[in-house]
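The following pair of complexes shares a single chain, chain A, combined with chain B in the former and chain C in the latter.
Then we have the complex of A and B:
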C-alpha cells in the first residue's frame, strides 16, 4: 500500500470515527427529548411496558385531549399555566436584559473602583443552587406578602438572570472596538446616540443570545417556582407538571404532553433568534 | 477650513505625564505630520485635538474657537482611525452618509454627498457592500470617504496606513497626497513611519517622550537634524554616528581609534578644542570611489572593509566598520560586492554633522 493511500484511509477512518462520536453524543442529548414526545402520543400501558416498547404500535392524542379537558377527568389549567409562564419569563427577561446591557456596557467600557470584585461577586451568586435559595426566599417573600404572585417570581428571576446577562453582554461589548463609538462621536453623535446607533446594533447578536439564555432559564426553572407559587394564579408550566402526580400514581402520558407544550415555544424562539444570530453580523468594520 | 493651535497642552494619566506641554501652530490648509516612535505621545496629541481625550492643561484652538470643552461632534473635524472603525452593520453608502444622517440633512443632499465622495475615491461599485466584504485598501478608502463627506475644517489621520501591505501603503500614500491637493483642508497626520512623514508632510513634527524634538519641512529636518535622535529617526538608512573628540587645534575631529578628520568648514566656529562630540554622516555621503556623486569642497578618504551588502537595484547599501563601529555607506551604479572586500571610499565632509556628546544637540 503506498503512502498516499494510507493517508487517505486514515483520513476516512478519522472522519468515520468523528461521525460516530457525534452520533453517540447527539443520541444521548436528544433521546430523552424524543422519548418525551413519543410518550405524549401513546397509551399509558405502552409507556409503562417492560421491556420497553421501542416502536409504538398506535399513536393518539388522548393525553392532550384529557389535559385540555375538565379538571376531574385528568385536565389541568394548561392555558393559565402557559400564560403565567409567558408573562413571567418575558417580563423577567426584558428587565434582566435591559439591566444586563447597562451593566455589561459599564463593565466593558469604564473603569471604576471595585470592578473586578463586583464581577467576581456576580459569578459567585451563580454558584448558589436555586434549591438552596428557595427556603430563605420563601420566608422573605412570605413576610413581604409576594408569595404566589407574578411579581414575586419575576423579581426572583431577574435577580437570577442579571449576573449572567451582564457577564455575557460584557463579553460582546468588549468585542466591539472602542473606535466605533469614537468614530460615531466624531461623525456628530452624542455619547447616547453613538451607543444606540452603532455599539448596540453591532453587539445585538450577542445581546439576543443572552436574551435566549435568560428566557430559557426562567421558562424552565422549577426549584424556586415550586416554592414561590401556590395556585393557578402564578404557577408556571414546570410546576404545573406536578399536577399529574397524585398520591399513588403518576400520569406519565399527561406529563409528557404538557412537557411537549413547554418545549415548543422554547424551540420556536431559539430557531427564530438563531437564524438572526447567524445571518446578521460578521465583524468587518475593523481590519480583518 | 481652519488653523489649529495647541498651546502648552499636557496630558496626564493619573500621575504619569505622557505629553509635556506641547506648543504647535498649524496653518490653514497645511499638511502636518506628527512622527515618532511608539509611546511618544503623538496619538494622544491627535486624540486631544479630536476631543476623544481631555486635556490635563493647556488650550486647543480650531480656527478662532477654543475647543477644550467642546465634544468631538461640535469641533467639525473628521478622523481616520488606524483600524478604520467602519460601522460593520451598515453598507458602504450608509457608512459614508452616516454623519449627514445624524445631522438630519435631507435625503437628496446625503445621496449627492455620498456620490461625490464615492467618485473622488472610486468607491462607486462598492456602495452596497458591507465593510466585511471589502479588502484592506477598500476599507481604507471608505474610511477616508467617510471623513471627507462632511467637509470638515480639520482632517485627523491616526496611522491610517499601518495595516496595509507595503505596496498598497505606497499607493494609498499617493492617494492621500492627491486628496489633500484636491480638497484643500488642514490635515494632521500621525505615523511612526518616517517615509510616510517625509513624503506627505508640508511640515514634519518629530516627537519623543511627549516632547517635540524638531519641526520643519521634510528637507529641513533631513538636512539639519536638531539632535542625534532626529538624525537617526529621519532618513533611511539612519545617520551613522561615531563618538569623537575635537583635537587641540580645533581643526580636526579625532575618532576613537585616532583617525583624524577635518572639521567641516561651516561648523568650525561652533567647536572648542578637546570637546567630546558625536560625528554624524549619512550613508549617501560615504561612497566608494567611482560609485558616488559629485563631492563637496571638503572630503576625506577611507579604506572600508565590507561586512555585508544589500543590493537595492539603483544603489547598494554597504555595511562596514570605521573606528570599530558599524557604519553604512552607499554605492551608486552598483557592481557586485563580495564580503571581505576593501573599498576606497570618500566621505563628503561638507555634509557631515557634529553633535555635542552630552546634550546630543547639533553643533551646526
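Then we have the complex of A and C:
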C-alpha cells in the first residue's frame, strides 16, 4: 500500500469515527425525550407489556382525552394546573424583567462605590438552594397568610429571577455603545428619552431572551412550588405531575401526556431565543 | 415620598426595587431561619419558636453521621457531575464544531435537555431505569445481555449511577453550548501560525484553543453552580434519598427533616451549612472566571 492510499484511508476513517460519535451523542440526547412522547400515545397495556412491545401497534389519544376531560384515574385537573402555571410564570416574569431592566441599566451605565460587592451579593442570593429557602419562606408565608395563593408564588419567583435577569440585561446594555445615548442627549433628549428611544430598542432582543429564560425558570420550578402550594387553586404543573403517582403505582401514560404538555411551550420559547441567550451569557461573562 | 426618591442617586433609585424584593423574599426569611436554627422549632408546635437553645441544633447536626454522609455524597455528586459534564460538553462542542452541514439543527437538538424541567427529568429517568417496564432493562433483556431485571433504583451504587446519569444528561448541554460559543470566538491567526510552525493538532489545542476556552468553561461552571440544587428535584423523584439513605443528599435530608419530621429548627441548621456550600462553589467559580479573563487580557 502506498503512502497516498494510507492517508486517504485514515482520512475516511476519521470522518466515519466523527460521524459515528456525533450520531451516538445525539441519540443519547434525543432518545429519553422521544420515548416519553411516544409513550404518551400508547395505551397503558402496551407500556406495561412483558416482553416489551418495541414497535407500537396502535397509537391512541386516550391519555390526552383522560387528561383534559379530568376523568379516569384520580381525575387530575390539568387545565387548572396549566392556567396556574401560565398566570404565575407570566406575571412573575414581567415583574422580574422590569426590575431587571432598572438594575441592569444601573450596573451597565453608572459608576458607584461597592458596585462589585452589590453584584456578588445579588448572585449569592441566587445560590441559596430552593429547598433551604423554602423552609423559612414557608414559615413567613404561613404567618402572613399567602400560602397556597398565586401572589405568594409570584413573589418568590420574582426574587428568584431578579439576580440572573440583572446579570443578563447588564451584559446586553454594555453591548450598546455609550456614545449612542450621549449623542441623543446632546441632541436635546432627556436621559429618560434617550433610554427609551435609543438604548432600549437596541437591547430589546436581548431583554426578550432574558425574559424567556426567567419564564422557563418559573415554569419548571418545583422545590419551592411543592411546599408553597397546597390545593388546585395554586398548584403548578411540575407539582401536578405528582398527582399521577399513588402509593404503589404510577400512571406512566398520563404522566407522559402531562410532560408533553409541559415541554411544548418551553420548546417553542427556547427555539426563539437560543441565539440571543448564548450571546447574552457569554458577552456578559467575558467582558463583564 | 417622591421627593425622597428624587434625592437618591440615580443608580440607587434604579437598584432599589431589586434590593427591596431580595431583602423581603430572601434575606429576611434567611435571618428568620438563622434565628430558628437556634430554637427547637417544630411546625406542629408554634410556641417552640420562642425557646432559645443555643447551638444545640448545630452540635446535633455536627455529630450526626447521616448528615456527614449526605454532605460527603453531595460534594461527591457535584464533583463527579460537574467534571463529567465539562468533559462531555467539551467533546460534544468539538464534534459539532467540526460539522460543516446542518450545524444549526444540531445546535438546536443539543439544547433539547435544557428545556426539561428538572422534576420531569427525574420522572423520565425513573421511568427509563424502572426495573419492570423501563427502557434500559427492556433493551438489555431484548439484546440478551441479561435475563433478569436489574433493579437500577433499588441497589445503592446503581441508583447513584442512575442519578448522575440523569444529572449529566440534563446539564451537559449548558457546557456544550457555551464552549461552542467559545470555539466560534477563537481567533484564526494563532492557530494557523501554530500549524505553519509544525505543531501537532493536540499541541495547538492544548496551548492555544484551551486557554481561550477557559473563561467560557468557567462561565458554564458559575451558571451551573448557581443552580446545583436542581439535583434536589431529580433525587427527590428518582429515589427520595433511598434505598436506605444510600443516595441521600443534603437537600433531600433537609426537606425530609423540615417537612416530614417537622423539625424546622434542626432542618434550618442543616440548611445553613448547605447554603455555605453553595456560596463557596459560586464564589470559587466567579473568582476563577475573573482570573482566566485576566489571563487573556480582558479587563475585569
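By definition in this document, the second predicted complex is superposed on the first by the 230 of 288 C-alpha atoms of A that agree within 3 Å, B and C clash if a C-alpha of one lies under 4 Å from a C-alpha of the other, contacts with A are read in each partner's own complex, and residues count from 1 in each chain.
Just so it is clear, a residue touches a chain if its C-beta (ideal position, glycine included) is under 8 Å from a C-beta of that chain, and two chains touch if they have at least 3 such contacts.
Everything numeric here is computed off the predicted structure, so don't read it as measured data.
With both complexes superposed on chain A, which partner does A:190 reach: first (chain B), second (chain C), both or neither?
After superposition on chain A, A:190 lies in contact with chain B alone.
Given the touch rule stated above, what does A:227 touch, chain B (first), chain C (second), both, or neither?
In the superposition, A:227 contacts chain C only.
Touching A:47 in the superposition: chain B (first), chain C (second), both, neither?
Second partner only, chain C.
Count the residues of chain A touched by chain B and by chain C, then name the partner with the higher count.
C
Contact-wise, after the overlay, does A:144 reach chain B, chain C, both or neither (first, second, both, neither)?
neither
Name the contact category of A:155: first (chain B only), second (chain C only), both, or neither.
After superposing on A, A:155 lies in contact with chain C but is clear of chain B.
Touching A:20 in the superposition: chain B (first), chain C (second), both, neither?
After superposing on A, A:20 lies clear of both chain B and chain C.
Do chain B and chain C touch any of the same residues on chain A, and if so, which?
Shared contact residues on chain A: 281-282, 285-288.
Could you please specify the touching residues of chain A with respect to chain C in the complex?
Touch residues, chain A against chain C: 18, 21-22, 25-26, 28-33, 35-36, 39, 47-48, 50-52, 54, 98-100, 102-103, 105-106, 110, 112, 118, 120, 122-137, 139-140, 155-156, 158-159, 162-164, 166, 216, 219-223, 227, 238, 241, 252, 255-256, 259, 262-263, 266-267, 270-271, 274, 278-279, 281-282, 285-288.
Using the touch definition up top, name the residues of chain B that touch chain A in the complex.
50-52, 71-73, 77-79, 81-89, 98-99, 102-103, 130-134, 136, 139, 146, 150, 163
Once bound in the complex, which stretches of chain C touch chain A?
Residues of chain C touching chain A: 9-12, 14-15, 17-18, 21-22, 24-30, 32-33, 36, 91-92, 95-96, 98-99, 106-120, 123-125, 127-128, 132-133, 135, 138, 141-142, 169, 173, 177-178, 181-182, 185, 215-216, 219, 222-223, 225-229, 232-233, 251, 254-255, 258-259, 264, 267-268, 271-272, 274-275, 278-279, 281-283, 286, 289, 293, 298, 300.
Residues of chain A touching chain B in their complex?
Per the touch definition, chain A meets chain B at residues 177, 179-180, 182-190, 193, 197-198, 201-202, 204, 280-288.
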